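What follows is a set of structures to go through.
In what comes next, chain A is part of two complexes: it sits with chain B in the first one and with chain C in the second one.
Let's turn to the complex of A and B:
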């Protein structure tokens, strides 16, 4: 708000969306985790899905914080639709290596969520690494 | 354990029931009845053990509840064919449960009693509802079950973050000379890990984990069980599984990072 360079989403699109911008520091993990849990609880996901989303967000953020340029920011966007919660986390890095698909962290993410994808963009000599995850509402029949 | 021995005579008449229970087919409705009798009749044993651990800052009701969970586990796992008598199996099992309760669920910060109780009711309601529904409950269902608002349920669910994160390797003083039955049950070779293809760097780190953490990790990430299913299998609450998993992942991440950047 008030910042013309802001990369934040236009207000009209914010209805079912929560955006967080914080320093890429492990100290802030608990904030992101709490937001993720509250969104999932508010959406009345079952307690397994809530716990899974929390663990997955933890995993993504920890991994990205370690890759981030020291002192830079981490952006997290949570999008809520009737049947799923999406979380997109983005940091700026000096390196272009993405989370590896044969790593244990990747196994953790794919087990805990319903979709995981990564994106890499080159911006002004840096790299922007983004990890998108989505957790579906568990069918309760 | 002299205290428990005094009571041996009181339970002798129950011994044949274990044989009967074992002989019944899985589907026989009489099983539930026999199991209940065995649990109810052995309740004084659980209460007795809970009392031994009293005055250590945990409410007596919680301890009795935990000891009863231990007793139920003991009834379910006791194999009369093995030749040992039930009490010598049950006492360490129940004690182990109570000791784990102290180790894992001591509150790290001074949490208001109301919040602790809220957490315990939410935890108990979750267990009951998952049993009844055959799946993990939603906060709205827990709220309805307890006659609470959803906000109170959120608070109860989140309160678990205030639990003490002590490693299970850390041994606290007290009754630690008894056998941990879990060790016997899980042992060195975790069946859930059989046939798992490890990432090379992960294997030694997983091997360093305490048995229970390793078992939970394997069930969640290699056997793809849900936290609620794991909770039922291991005999602890879903919230507890959640805490242990979170701690285990954090520990593995830290160790993996240390290896990459020595």
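Let's turn to the complex of A and C:
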């Protein structure tokens, strides 16, 4: 529940932060998956947690890409802390439809992660949809 | 018969006993999952029992999992036997983590998956 506008700890946070900006296109899914997996591997997550994070990030991006304004960008931010990896993905949409919580994809998402939340903001006649997920480091493999 | 896409490849191998063995390799995500559906559609339309060998699949997305559930429903409706091979971690983990390994006909080897769908008694040839 951190305040994204907070600047006090910004520098410290950037040390363990990876930001990706790419076209909101399904063709880029494999890039985001690779980055997510690489970060989880570097953080020494176990093989199951790496696979779970990869799948969860893929599902968030897939869901947001289909809602994004055609030709617009998707922003992904990965934050690494000692006990978890957070991924925040946002796109700009014409509609204020959030990912559906009764969908199969959402069920998979909540099963594979330790927290999922959505955020909707109205900006200049468009909507910014953001999905935040977090995967905790598991105690044992 | 082959279906191709840069990120997915499906080699379809019709077997003498009438069962179709489809070897899927690459990544099954929202982009490539329609290729998998098309391939399975062909088996369903021609009423052939089939095995999906996912051993060489490096990634299976939520949309891929949803496609497998859909295949289960449709195969059951069409009275077709099918099974899938999931040996590698990339496929086993998503199936296990979501509990779908308990709902889908998952086998660790091609041999066991084929045995599960192959006719045990001689079938009369339709038509």
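Here are a few things to note about the model shown:
By definition in this document, the second predicted complex is superposed on the first by the 127 of 141 C-alpha atoms of A that agree within 3 Å, B and C clash if a C-alpha of one lies under 4 Å from a C-alpha of the other, contacts with A are read in each partner's own complex, and residues count from 1 in each chain.
We take it that contacts are C-beta pairs under 8 Å (C-beta built on N, C-alpha and C of every residue); 3 or more make two chains touch, one makes a residue touch a chain.
Predicted, not measured: the structure shown is a model, and the values here were computed from it.
Model built by superposing both complexes on chain A: chain B and chain C clash. Once chain A of one complex is fitted onto chain A of the other, the partner contacts of A:128 are absent, as it touches neither chain B nor chain C.
In the superposition on chain A, contact is made by A:52 with both chain B and chain C.
In the superposition on chain A, A:26 contacts chain C only, with no contact to chain B.
Touch criterion met: A:44 reaches chain B, while chain C stays clear of it. Of the two partner chains, neither chain B nor chain C is touched by A:80.
When both complexes are overlaid on chain A, the residue A:62 reaches chain B and chain C alike. Greater residue coverage of chain A by touch, when chain B is weighed against chain C, goes to B. In the superposition on chain A, A:104 contacts both chain B and chain C. Residues common to the contacts of chain A with chain B and with chain C across the two structures: 30, 47-48, 51-52, 54-55, 58-59, 62, 66, 104-105, 107-108, 111.
Residue ranges on chain A touching chain B, taken from their complex, read 30, 34, 37-38, 41, 44-52, 54-55, 58-59, 62-63, 66, 102-105, 107-108, 111, 138, 140. By the touch criterion given at the top, residues 26-27, 29-30, 33, 47-48, 51-52, 54-55, 58-59, 62, 65-66, 104-105, 107-109, 111-112 of chain A touch chain C in their complex. Looking at the complex, you find that chain B touches chain A at residues 126, 133, 135-140, 142, 150, 153-154, 157-158, 161, 199, 202, 220-221, 224, 226-228, 238-239, 242, 245-246, 249-250, 252-253, 256-257.
Only residues 7, 27, 29-31, 59-63, 65-66, 69, 89-90, 93-94, 97-98 of chain C touch chain A when the two sit together in their complex.
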